[in-house]
Every structure is written in C-alpha cells, then in structure tokens.
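Below: one structure, written as structure tokens.
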Amino acid sequence: MVPVLLILIPLLAGIVSFFISNEKTARSWALLASLITLLVSIFGLTVLKDPSNLAFETSWLGSLGSSFSVKLDGMGQILCLLTAVSYPIIFISTWHAPFNKANNFFGLMLLAQAGLMGVFLSMDALLFYFFWELALIPVYFLCSQWGGERRIAVTFKFFIYTFIGSLLMLVGILYLYSQTPGSSFAIADFYNINLPNNVQSRIFWLMFIAFAIKMPIFPFHTWQPDTYEQTNYATTMVLSGIMVKMGVFGLIRWLLPVLPAASYAWGDTVSTLAIIGMIYASLIAIRQNDLKRLVAYSSIAHIGLMCVAIFAETESGMQGVMIQMFNHGINIIALWIVVEIIERQFGTRKISELGGLAKKMPALSILMMVVALANIALPLTNSFIGEFLMFNGIFGSTITKYNVVFMVCAGITIILAAIYTLNMIRRVFYGEANELTANAVDIRTNEKWILVAVVVLIFVLGVYPQSMLDISSETVNGILKEADITPYLIGK
Amino acid sequence: MGITQILFWFLSALVLVSAIMVVINRHPVYSVIWLIVTFFGISGHYILLNAQFLAVVNIIVYAGAIMVLFLFVIMLMNLNKDMEPQKSKWLKLVGAIAGGCLLLVLIAALKDIDIKDQVAETNTGEIGLIENLGTVLFTKYVIPFEISSILFLSAMVGAVIIGKKE
Amino acid sequence: MNALIISAVFGVIMMFTGIFVKQKPVQHTMAIIGVALLLLINILEMNGIVFFKVNTEGFMLFDRFALLFNSVAFGSTLVYFLLSARDMEKVGHYFADYVALIFFILCGIVLVASFQSLLILFLGIEIISIPLYILTGTSKRNLKSNEASLKYLLMGAFSTGIMLMGIALIYGATGTFTTRYMNFGEGPSALAIAGMLLMFFSMAFKVSAAPFHFWTPDVYDGSPTVFTSFMATIVKVAAFVGFIRLFYDAFGSIHEDWKLVAAIIAACTLLIGNITAVFQQSVKRMLAYSSISQAGFMLLALLAFNATGKEGIILYAAAYSLATIGTFAILLKMNDHSFESFNGFARQQPLLAGANVVFLLSLSGIPLTAGFLAKFYMLKATLEAGGLMWLVILAVIMAAVSVYYYFRLIQAMYFKEGDGNAIEVSSGFKIMLVAVAALLIILGIFPNLLLNWLYF
Amino acid sequence: MPINYYIILSITLFVIGIVGVLTRRNTIIVFMCIEIMLNAVNLLLVAFSKMHHLNQLATNPTAGTEAQLFVFFIMVVAAAEVSVGLAIIVMLFRNTHSIDVNFLNRLKH
Amino acid sequence: MNNVLDLVWLIPFFPLLGFLVNGLGRKSLSKTAIGFIGSAVILASFAISLFVFMEVNNGNTHVAHYFNFISVGKLNIPFAFQVDQLTALFLLIITGVGFLIHVYSTSYMHDEPTDHYGRYFSYLNLFVFSMLLLVMGSNLVIMFIGWEGVGLCSYLLIGYWFKKPEYNKAANKAFVMNRIGDLAFLIAIFWIIAKLDTTTFSEIFSQVDKLSQADITAITILLFIGATGKSAQIPLYTWLPDAMAGPTPVSALIHAATMVTAGVYMIARSNILYTMASTTQDIIAIIGLATAVLAATIALKQNDIKKVLAYSTVSQLGFMFLALGVGAYTAAVFHVMTHAFFKALLFLGAGSVIHALHNEQDIRNMGGLRKYMPVTHITFLLGCLAIAGVPGFSGFFSKDEILANTFMSNPVLYVIAALTALMTAFYMFRLYALTFLGKFRGTANQESHLHESPSAITIPLIILAILSVIGGFIGIPEVLAPGAHWLHDFLAPVFAQSTAIQTPHHADHTQELMMMGGLSVLIITVIIWAWSRFSKYQPTAEPETGIGKVLENKWYVDELYDTIIVNPLHRFGAFLNNSLERSGIDALVNGVGKAVHYSSRQVRWLQSGQTGNYILLMVVSMVLLFVLQFFLKK
C-alpha cells in the first residue's frame, strides 16, 4: 500500500491544486500534501516495514505484458525518502517566493513528485518509462513558465535533449522486452535475459545515453548549467536534487543488472567519460563567476563520481552511491536555498559583485559554511561517507584494470572541489562588505530553520550513516548479484 | 500476317501517334480531337479482342460524353486560341526524360516475364458480349454496381456545390 | 455492412434535408444523429447484431479489424461534428450538402476498411477522393481553396491512374482481383512486382508518404480548415487501413519484396515530414506536415507486417484522429493561423489551452496519452519484425524533432505574452474538448478498452 | 496476339499520358492526358481478361469477365471524376481567368 | 563498561560541548563566560587525560568500541577509540598545551567583539576535539576524520579575521594543500582496505605480513604524502608560513604544537609499516632533512616575527621526519613533545610582543623590549635556548637523540642536520636579539604604550617556559645516564613490533659524547655570535641582494608553484569554460538543432507549389524505386 500512496498522494493533491484559486491556500495545500507524503515515506521505513505493505501489483496492460507493479525496496526507500524530504524543504524555503499562478506551480510540482516517486518505485519497464516522462513534463512547464529571461529556449533545449535520450531508452526497453521469454516488462524477466555481448552493447548505449543525459555525464551535460541558471529555484531544486538521481537510479536498476556483459565491456569507457567530466566540470567551476552555474558544475562533478562508482560494481561503491544520492540531494537543495537568498537580496548571482556577507548575515554564513563543507565531503558530514565508500569501491574494483587510475583521477576532484567551494565562500562571504552588500539583512525564520534542519540531517547522516546503509544493503547485494559478469567470463 | 495482325499494328500505331499528338499539340481543341481519335483506336482494339460491350461504351461514354464535355468547357473558356503558355524547354525535356526513363525501366522489367508468350484471345471468346457481361454485372457484381451509384451521387452533389453561383 | 447502407442513406437524407429543411440547427442535429446512429449500428454489428444481412459475394469482409476501425472512424467523426460542425456552416451555404458528402466519404471509408477485391478498394478510394476534391474547393471565392482543390484533383487523378495500372498488372499476373485468391507462386513475376509497386506508390500517395506527399501541405493548407481537419484525420487513417489491408492480405506472401521499399519510404516520410515542419510559421501548415510525419510512424505498422502492427494502427488511428481533430477545433476558433496568434492563450482560455496541451502531447507521443502508446505499438511492431533497428532509431529521433514544433505551440500558449486575440467559445465546446482530452488520457492508460474489441 | 505486345503498347500509352501530364501547363490537357493513362489501363485489362479467359477456358468459362467489368467501372469513375474535375476547373477559371497549372503557386513551402 | 577507559569518549566530548555552547551562545554569553567555558572544557579533558595517562602508565591500554560507523560487506569500520602510550602522551600534550593556550587567548583576544570572541573559542574547542579524535581513533578512518577536522579548524582560524582578503587566501591555501595530502592519505586507506579489508590499526599491524613489499612501500609513501600536507614538509609546506595570518595563539596551538605534528603521530602510529619499507624511510629522511635545511635557510632572512617562527617550525618538523626516516620513532615523538613546549612558548611570547606593540610584527621595528616586558623576555629567551639545543634545555635532549640516530644511520645526513641545528641557533638568536636587545626602533606612540602583558598571558608563558627547560629530562640519553630514558621505556610497547625487526646499532659512547659536546660548543658559539651581531642592529634601507634576496623571497617557491600549477590550472579552467564548453560541446549540441532548422529551411524548397514539379518528383522517385527493386536489390 505504501508505494501506491506515495504516488497517489502527490498525484491527486497536484490535480486538486490546479483548482485552488487562492495563492496562500495553494501553498499550504502543497505543503500539507508533501508533509503527508513524507509521513507515509517514514512510515514505510518504520512501522509499515512489513514487505506486504511495500509491494503492490495489479494487472494493467495485460496484452503488452506490462503490469502496474510498484515496490519499495532498499534503493526505492532511500530515493523516495529523498523525494519526500526534499519537497517540504523546497516548499518551506520558497514560502515567500512570489509565484505567478501559484496553484499551477504547486500542482505541477506535486505532479512531478508523483512522477519521481513512480520512477523510483516501478518494477516494470513500461511503467518506469511512463513515470520517467511524467516526471519530465511538469518540470518542463515549471522551468518554462517561471524563470529567467532565456528560460523558454533553454528549457526547450533541455527538454528535447532529455526527450531524445528517453526515446532511445524506450527503444532499448522495447528491444529487451522483445527478448524476454514471455514478452514481459517485469524487471525480474529483464534480469533473466541473456543476450549475446554485441547485442548487449548496442542496447547498453541506447539506454546509457538516456541516463547520461539525465545525470548528466560529460559530454551530454551542456543543458544543465543553462537550465539551472534560467530556472526558478524551486524547480532547480527538484531538478538537481532529485531528477538527476533518476539517471543514477536508472543505471543501477535498469542497466547494470540487465546488461551485465555490456556494462562490464563498456564500464571503463563510461568511467573515463565520467572522470573527464568530473575534472572538466571542476575546472570550469573554478572559473565560474555565477553562483548558480558554479553549483551546477559542482553537481556534474559529484554525479560523475557516482557513475564511476556504479561501474566499479563493488558493494562499497554501490552503497556509497546509495547514500550519496540522498546526501547530494539534500546538500544541493540547501546550496540552492542559500543562492536563492543571495540573489533575492542583492539581485545578482555574480560572485565578483558580492562580498563580506559573513559580517552582515552571520546565520546564513554559518549554515552555508556547513553545507559547503558537506559539498566538499568533509568528514562527519554526510557526503564524506558517500564519497569515502565510493572511492573505496572504485579503488577496490576488481572488474577494471584501471581502478587505481580511476580512483586517483577522480580523487583529484576532491582537491578541486575544495578550491572552488572555498574560493566561492571566500569571495562571497568573507572580505569587506561592498556597497551592494552593506545593507544586507540576515535570513528569514523559515529559511533559517529549514537550513538548520538540513544541517542537522547532514550531521546525523555523517555521524551515523549505518542507519541508511542498512536500508539499501540488501538491494545492493541483489543488484550486484544480477550484475555479476562471471558467467559471461566463463563463456569467453 | 493475317488481318488481325494488320489491324493490331495499324490500331496500335494509330493509338500511339494520336496520343502523342494529344501531348504535343499546342491547340487544346486539336488535342481533344486527337484524343477522340485515340479513343476510337482503343475501341478498335476492344473489338479486335471481341469486347464489344466495352468498345461501344468507350465510344459512347468517352468519345461521346466525356470528350464533348471537354470540348464544351474549352469553348466555354474561349480557349480555342493558342493561348497556352509553354513550359520552359528544360522542364519539358526533364519531364520527357523522366517519362522515358519510366518507360525504359518498366519495359526492361517486364520484357522477360514468364507469361510473355501467352496469347490474348482475339476475335473469339464470348465474355465480352453484352449478354454475358450484363448477367454477371447484375448478379455477382450488383454490389459494386450499387456502390458506384454512391459515387455518382457524390459527384453530382459535388458538381452542384461547385458549379452553383453563390 | 449495415453502416455502409445507413451511411449512404444518410447521405441522401442530408441531400434532401438541405433542400427541404432550411433551419441550420435541424440540419446540424440531423448530422449528429446520423453519425451517432452509424456508430451505434456499427457497435451493434460488432456484437453480432446485424439488421440487414447482405451477401457481399466475397467483395467485402466485415471482420473485427474492419468493424473496429469503422467504429473508430465513426467515433472520430462524431467528435468532429460535435466540435466543428458550426465552423462548417461558415464555409459556405451548403451545410447539408457538405454533411452529405461526408457521409458518402464514410461509405468510402467503410469500403476501404473492408474490401476483399481490388475493385472495391478502387471504388472506395474514389468515393473518398471525389467528395474531398469538392470539399477542398468549397470556399469558392478563396483562391487558395480553388488552387488546393485543383491540385488535389490533378494529382489525385494521376495517382488513380498509377493505381489502376498497378491493379491491371496484378490482374495480369494472378488472374484475379480478389485479394485472398492472389497467388504469386514461389518467385513472384516481374509483372506482379511492378503492379505491387505501382499500387504501393499510389497508396503512399493517398496516405501522403514521402516522396508522394507533395500534395499534402498545399491541399491541407488551402482547404477550408474545417475540412482539413477531416481530411487529415479520418480520411488519412482510413487510407492507411486500406493500405494495410491491401498489403497484409494481398501482398503478404511477397512481404520480403516490398519490405525494403516500404522501409525507405517510411524513413523518407519521417525525415521530410518532421524536418520540414520545424520551419513552418503557420500552425495549419505545421499540422499538415505533422500529418506527414505521423504517416511516417503509421507506415511502420505496414512495414512490420504482424499482428502488433494491426493492433497498433487502430490505436494510432484513434489517438491521432482525436488529437488532431481537437487541435484543429481550437485552431478553427482562432482569427489567424500563425503561431503568434496563440500567444497568451493559456491566460485567456485555460481550459482550452489545457486540452490543447493534451492533444499536442499526444501527437508528440508523451506517455500517459494515447499518442504514446500508439507510437509505442508502432515501434514494438517494427522491432518484432526484426532487422529494422535503424529505422526505429530514426523514428524516435524524429519523434524528438516533432516535439520541437508541437511544443512551439505550447510555448506560445503558456510562456509568451499575448495581446489577447479574444475568442468566444460556448461552454459545450469546452466540455466536449476536455472530454476528448480526457479520452486521450484514458486511452493512454488503458488502451485495452479499445484494443480488446479486436479479439474477443 | 502475344500478351507482351499489349503490355508494351499499354505501358507506352500510359507513359505518353504521364509525359503529357509532366510537360503541359494547360489544366484541361493535363486532365486529358490522365484520361489517356486510364485508357491504357483499360486496354491492358481487356487484353489480360482475354488472356486469362483463354488460359482458364477449361476450368472456368467465365474467367476474364471480372476484368471487363472492372474496365466498365473505371469508365464510370472516370466519368464522375471528369464531371467534378471540369466543374472545379471552371470554378477556378471564373476566379482567375486562367487554367495554367503554373499559375497555381500560392500554396508552397 | 568493563574497562574504565571506555570513558575516554569524555575527552573529546568536553571540547565538543564547548564548541557547541560557545558557537550557539556566542551572541548571548558574555566574554568572561565564553572564555571560562572554552578553557574549562579543555581543562576537564586535560584532567581526564591525566587520569588516562596514569591508567596507561599502569599498563592498561584499551580499545573502546562505541558503535559501527560504517559497515559495508566485509569492511567494518567501528567508531572506536584506542588508548595506549602514544595516545596518552599526545592527549597530555594536546589538552595541556591546549589549555594553556586557551587561557592565554582569553586575554589575547579580549579586544574582539563578543560574538567573534565566541566564534574564536568555539573554533578552538572544535580544533581540540578534532585533534583528540585524530590521536584517539582506533582506525585510520576515525583518524582521518580528525585529520580533516583539524585541517578545517586550521582553515577557519587562519581565516578568522575574514575581512582581510589575504588572510582568507592563506586559509584557502592551507586547506587546499592539506587536501592534496589528504587525498594521498585516503588512497592509502583504500589500499589497505583493498588488501586487508580493515582499517583498524591493531588488525592492520597484526596482518602486515600479508602485504607485499610493493604494497607496503606504496601505502607508506601515500601516508607520508598525507603527512607532508599536514606537517608542512616539502613539497606541501608553503601553507604554513602563510598560516601565520591567524591569531597568534592559534599559530601556537595549531601550527606549532599540535596539528602539524599529526603527521609524526600518524607515522609513529604505523611505525611497523615504515620499518618494513626501507625505501620509504629513506625518502622520509631525505625529505625531512631537506625541509629542515630549506626552512632554516629561509628563516635566516625573515623579518616577520611569526614568519621566522613558522619557518623554524617547518624546520623542526623536518627534524622529526628525519628521525622517523631513520627509524628513531621515540626520538621523533620526544621532539614533538619538547617542540610543543618551546614552540608554543615562543609563539605565545611572540604574541605577547605583538600584543604589546599593537600588531607590529616586523622585528626590524622592535628591539629593546627586554626592559618593558621582563617576563616575556625571560620566557622567550628560555624558549630560544631550548630550540637552539643548548645543553640542559629540553630541545637539546630531543634534538640530540635525533642527531645521534641520524649519525648511526648515515653520517652525511648527520652533518647536514648538524649544520641545520646551527642555523636554527643562529636565526633564533637573531630573532631574540632583534626583538629584545638593543634599542627600541618602533614609533614613539608604540613605545609609550609598551607594557608587560597581563597574567593570563604571562602565566602560560611561565608554565611553558618551565616545561621547555625541564621537559627534556624524561629522555636523558643513554650515554649520559643509562636507563634514564623514561620516554623510551614508556613508548616501548608501541614500537615493540618495529624494534623487533630493526637492526640495533649502538654507536660507541665516546664518539657520541664527542659529537654531543662538539655540537653544543658550536651552537653556543653561534648563539654568541648572533647575539652580539644583532643586538646592535640598525635598520638599513638597502634591499637584500644575491642569495639574501632569494632567501628573503623564500627561494621563490610560491612563485614557482603559481607558475607551474596554479596559473595553468586557472588558465585551463578559463579555456574550458570559455572555449571548449561554449564553442565546443555546447556549440555542437546547438549545432544539431541549427542543422535541423537549416535543413528544414532547405527541404521546404522542394515544396515549390508547382503541380508539375510535384508530379515530376513523384515520377522520378518511382523510377528510382523501380530501379532499386528490379536491378539493385539482390
């Protein structure tokens, strides 16, 4: 029941929201819905942990071999929790942000949430694709309608880019479907397909490109900084906090176990791309003058690491990815909250025009400091756990010859991350205030408390990550078992 | 070479020449006349093939009704002068070449078909007679026949809609 | 069969209504009742309740596929009448006659969907085409309409000639016009192949597949918009159903011989339709090109030559027709057909804009709309056919290109500020439009509601 | 006569019709050329009809009838088409005083 | 709780508490309260540390396991503290010196606004917390947490005066350089995990024989690179002098007494690995010595009081690494301890001077402070004597032990090390003389305000001075008093594994005594020379030339790094951002869109509007398809 509720609550609430005319009511309604979703998600982790509550299946497109099959497994738990946690954070932090036609805005936001939940819960390939697009469409509208000057063109590029990717993925799914014994979309049947290596490779690229665009992986990333730059903050948070996880999630659930031989064969190539992207994005971030673009590039670097860790196919790396997906989500949302506050107050995101905020906005500065430190994976913050496990996984990978090279090259980015993050902190928060920032006032209560909540979360997960690692360990082991390439190697 | 062969070659030459004349003649009225000649030639072929009903219908419907309609329209528009602007030479050439290629390709493809030595029965064979055709038309083919009435109805309605002055 | 008779009868009735009943609302109601009756009769026939039993002498076969498609066509026509009948009145003085012609066209559609003999196919296509030549030219003072009509006539007649030559050659090779008796032996003769190709070309012309599509944009653009809507949807999918019937039933045994040509034509259609649509400045013309690109997708069903393709074409017919009719219904209310006229539309008519978004999403094949599943079936069928991965990938890339021009309209409606282009629509229209949008979504989630009819 | 002769004759006639369509600008002549194409088909059908009749004389004495009836229907359709076509041409002529095909180029691109 | 040492969590807990209370209450608490809390928590930790030390001294070493920090597959990283002799010693140093510096700070930082004062103490407490984690961690990961934590605090405290851009830059530099080392540290951890599936020290050390020689060498080198970052060794030392931007007590605590010795602690902790990797040991010895020499030469020409001390720290750290490199772990730890005392003393003394002179740091503008600041002067002198290695003072014992061991390992290294020790004596007394002797060279205004610092400053100075003097007596060399090396015996269990496989070599006592004596004489000579030369110093306007200029500019190492690393990096980033990203990849993506648009524009010309053309195109296509079907297709 839980997974169905997780999809249905935001879906219905979203539809209702379109018909609420009062802005305040729409806001409260959306917040209420998101809080209920959060509650359900937490229940799913605690009191309703019984497996019978976490899976739901009913016939749907019977003739096509597809069923409405949703299940909350370990990875789903984490990502649904992320989605459920992020939404109240987003709603509260943007409580005072003016939205023209707020009812539509919140309706679309909730629809996107339903889509995201669906993506993370689907155990059926067709259903997965359905939700994949369902999540994208509202975001397209959100980005295009509320944002910067160039939003329409930029969002359009993003949309078409992503759409090409998803269509290619659809072709891949279809092909796999045609190869299942009983023509079924069920994930279990997908896992049982045994394709020859060259066919796997072709399907691998079809599907990988979809995920690569979503994550994004170099060189498919160029939509991202533009989109983040032009989009309103609430949507950017959804995009960067949750939606990019769809790509990572897709790799883990729908690529690695389904096409193990191709993942093995192309793992090095993909990892190389991801690492090039990490370093590339970090170097660009060093030179960024725009806060939003800086965060965007930093996100590319972080996601790249997840990609490498996935293709390392080790338990440690995979667990790292699991926890890091959650961490990256909340951390980047917090970063956006801060950037939003800055832009709202000073009307600019240019680092060079800011400075000296620490004096005027101490609360913001301290909270930002913590978030920034989490962004560079300082120990005792949540990201450290994730990155530690991922790096460890990469280093310990036995399926690639280049594990050490990968780890070291990827590791360079933790240095680069420190450079750009601290430079940004230095130039924005430290130094003397200039005339623009001289009259700054500190943050509002809602923002403060929501950031405090995030910071608490950052530390809790940084000090006691095992709570989260336990959730996903079973799923990770299952996936790694499916992804095991030993049978193929024997075949050679 | 029997009389049938002679007639066949004569009629074929007539049909082709008159058809070419239709295409190359600049004067619309002359074209119509040549077209009527073509139809007569084809009717001649029908007779040669002992398809008397079609031969008659061809002359009545085509050479009679349809061509008169054409002629009538041309007169109505007063197009009997040589007023047709010519297409550019190049376009004509290209059109002729394209048609020639099509002809070449089709003939090249069809010249060696397996039924090429089969014969189309001339002079004999009863199926083309009105009696036989009528029987089949009003028994087995009654449904297509009825359906063609719908076609005529719609053509009639259409012609009225289009032709009526507003 | 019953539908054919009722349709013809209603055509005649409408002719006389035009003469004897001058009140437009009555004519209007008659038209809607007529189509509704058609739909009802057809559904009854699907359920085995037949009023007139006619021996078709093997000329026609009313199997489930034909009947289901008829239902889709009648249903779409009903929607079309409900949404756009009033706009038909604005075209000229002969509303009742237009409706009569449409009923005759429906006769043709029934024929094309159920023919077993090439003769019926030929008659069906002509019964469809001739009224269309006229409907295209109904805006008599409008030079564009005249021009479109004549162009359509010339090219249509030309393609009829091609088709007849094809039929003749096939008759020469097989000695029969009845599709199921056609026997091409082991290696089909050149005669048969040539005939088959000629038929392919002429059918490709009817469904506006590239490179035989040239008439489409001009004719669709020139016709009165309300008839473009009908032409681009119901008529086009009917032609497709005929196409599929012909090539599945008659030429199925020589599938290997037309696969390559079909694949090339499908690829050309997808490419040309989508790419040309990108640059269009008029929504109407864009929709014309979009109909070409959608034809490219539907060609995949033909190419696939399997049961999925047949299922898929029905769904595609429904999804494509409903969405396009809906979009055209809104376009009909606009003062001009440029993209700019839609600027700010969402603010002014949120409900219509919302419905239009559903239509456009369906056309671009976004999940949760029927359009997605329709495309999905096409891709699935093609993949099942095997060896056509390249075409599938081309198709999805072109689908992404199609998003470009469909979403331009969405952008105009939602994200661009407009100067109000105030339009008046009745609430009935709104409700109807929303209902159509809802139908598209329902079909997009539960396609079996429609497709199950094919089987049980 | 060998059927090949008829095939070649018909196809030649057919192509002459096509060439006419391609090379002439006068709408009415274009239309007439299309009629030539149809007549080529008719001739071929009758020839095939007689060929099949001869081939299947033993088994099916009415073989070939259907083709001749088909020709009949083609004539019927052609007549209907011509009537509508000429009506359209007249309508256009009334509006533009021209029946030049090249003049029909308002709709393009 | 079956072992009293399970309570060691209290030691880091108190500073953490102090951090939270001071950090959150920095606006509401008074300065007195902040200072009190800040110092008291450290004192509490110190008290517990003393207790722990007693326990350990009684032979009770213990690993206190609290909870599973990370447990993934076969890898289990517990959150556990290990208390043994080495830890106990460091606990005392950290909390002891830390407490003194906290007390000192209550006065030194008193002019700061209250909330910044609170911020300062919370950072300082956080630092102590992190440092304690570092030394108490029972595995590499907990150690790494502390390792990065101290780096963070160092960053925060260097940039404490965040309004000054150059201070922030220095802070960033410190952090980034540390990060480079940290990366190597991390890789070493992963390497160990990959081979042994554990990070716990005891498990690693008991399984060393499972590691191949190459593994050990690689791991040790990587760990050492980590140490070069934290402990400011070549090539990652340049941050430390810049780190003097922080408040002086911070320099004393972090950049002299404790944090920078973390590298030494880490290597001492993993001594068995190093003992087994002779290549690494050689590298460490060479780098340590090179750092010592380099820093000493630079210190000769520095004019900023804190910079001199900073380079001296680098140099002393070099000595410690030299000791580690030659396998003299006890000597290294010994030097860590004595260095903590006298360097903290020197920094605090310098702070006292700076405080009195109102943030004047240039020694050329000082002089003659002897009479104004007697306590500071005396304690500073004692510190200088200690660091110079004058017999009897603590520095003498520890440095001598290092030199002796170096000599046994390689006489060449010994000679260089001895020369460096002489340089140390020289620049320290140059510093001393310029600061306290001669006439005051500052402004009259400054002179009028000159005064001795308050007791909160002087008392820590005095305590540290005492420790600097007597601290060496816990490790009296074998030659002077056999069996009196208490420290050696105390730490023996920690290094037992290494000792077992090290080849013991005992130099002959006479030789050792001769060297000790000779060097002492030389040092005293140098001191006298420096004293006499610089007590009569007069400022000159002439710029330095030749080698002096090179030294004054620190061998241009910073410039070198800028040229070969930092600037290219920035230029490359700019190239990627401006060229590759915009005109390369993104242009390619947009180009696809433009290409579609362009082809759309072109293709629509096919739609010419001419019926004739349409039919022509159709016929041509038909011909082509016929040709394909009949003649091309197989």
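First chain written, first letter: the chains are A, B, C, D and E, and each begins at residue 1.
Criterion: a residue touches a chain if its C-beta (ideal position, glycine included) is under 8 Å from a C-beta of that chain, and two chains touch if they have at least 3 such contacts.
Please read these numbers as outputs of a predicted model, since none were measured by experiment.
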Neighbouring chains common to chain B and chain D, by label: C, E
Chains touching both chain D and chain E: B, C
Distance in touch steps, counted as few as possible, from chain A out to chain B: 2
Leader among chain pairs (count of C-beta contacts): B-D
Chain separated most widely from chain C, comparing mean CA positions: E
Taking each chain's C-alpha mean as its centre, the one farthest from chain A: B
Chain nearest the global centroid, as defined over all protein CA atoms shown: A
Inter-chain centre distance, chain A versus chain E - centres from mean C-alpha coordinates, in Å: 37
Length of the line joining the C-alpha centres of chain C and chain D, rounded to whole Å: 26
Whole-Å separation of chain centres (CA-atom averages), chain A against chain C: 42
Length of the line joining the C-alpha centres of chain A and chain D, rounded to whole Å: 65
Touching two or more other chains - residue numbers and ranges from chain E: 593, 604, 607, 609, 611-612, 615-616, 619, 622, 626, 630
Numbers and ranges of chain A residues touching at least 2 other chains: 160
For chain B, residues that touch 2 or more chains besides their own: 87, 91, 94-95, 98-99, 102, 106, 109-110, 113, 115, 141, 144, 148, 151, 154-155, 158-159, 162
Arrangement of touching chains [line / ring / star / complete / other]: other
Pairs of chains, among all present, that meet the touch criterion: A-C, A-E, B-C, B-D, B-E, C-D, C-E, D-E
Residues on chain B engaged by chain E in the complex (per definition of touch): 87, 91, 94-95, 98-99, 101-102, 105-106, 108-109
Chain E contact footprint on chain A (complex, rising order): 157, 160-161, 219, 221-223, 226, 280, 283-288, 315-316, 319, 356, 358-359, 362, 373, 378-380, 384-385, 388-389, 391-392, 395-396, 407-408, 411-412, 414-415, 418-419, 422-423, 426, 429-432, 464-466, 469, 473
Residues of chain B defined as touching chain C within the complex: 106, 109-110, 112-115, 140-144, 147-148, 150-151, 153-155, 157-162, 166
Touching residues on chain E, where the partner in the complex is chain D: 604-605, 607-612, 615-616, 619
For the chain B and chain D complex, residues of the former touching the latter: 4-5, 8, 12, 15-16, 19-20, 22-23, 28, 31-32, 35, 38-39, 42, 45-46, 49-51, 53-54, 57-58, 61-62, 65-66, 69-70, 73-74, 76-77, 79, 84-87, 91-92, 94-96, 98-100, 102-103, 106-107, 110-111, 113, 115-122, 125, 127-128, 132-133, 136-137, 141, 144, 148, 151-152, 154-156, 158-159, 162-163
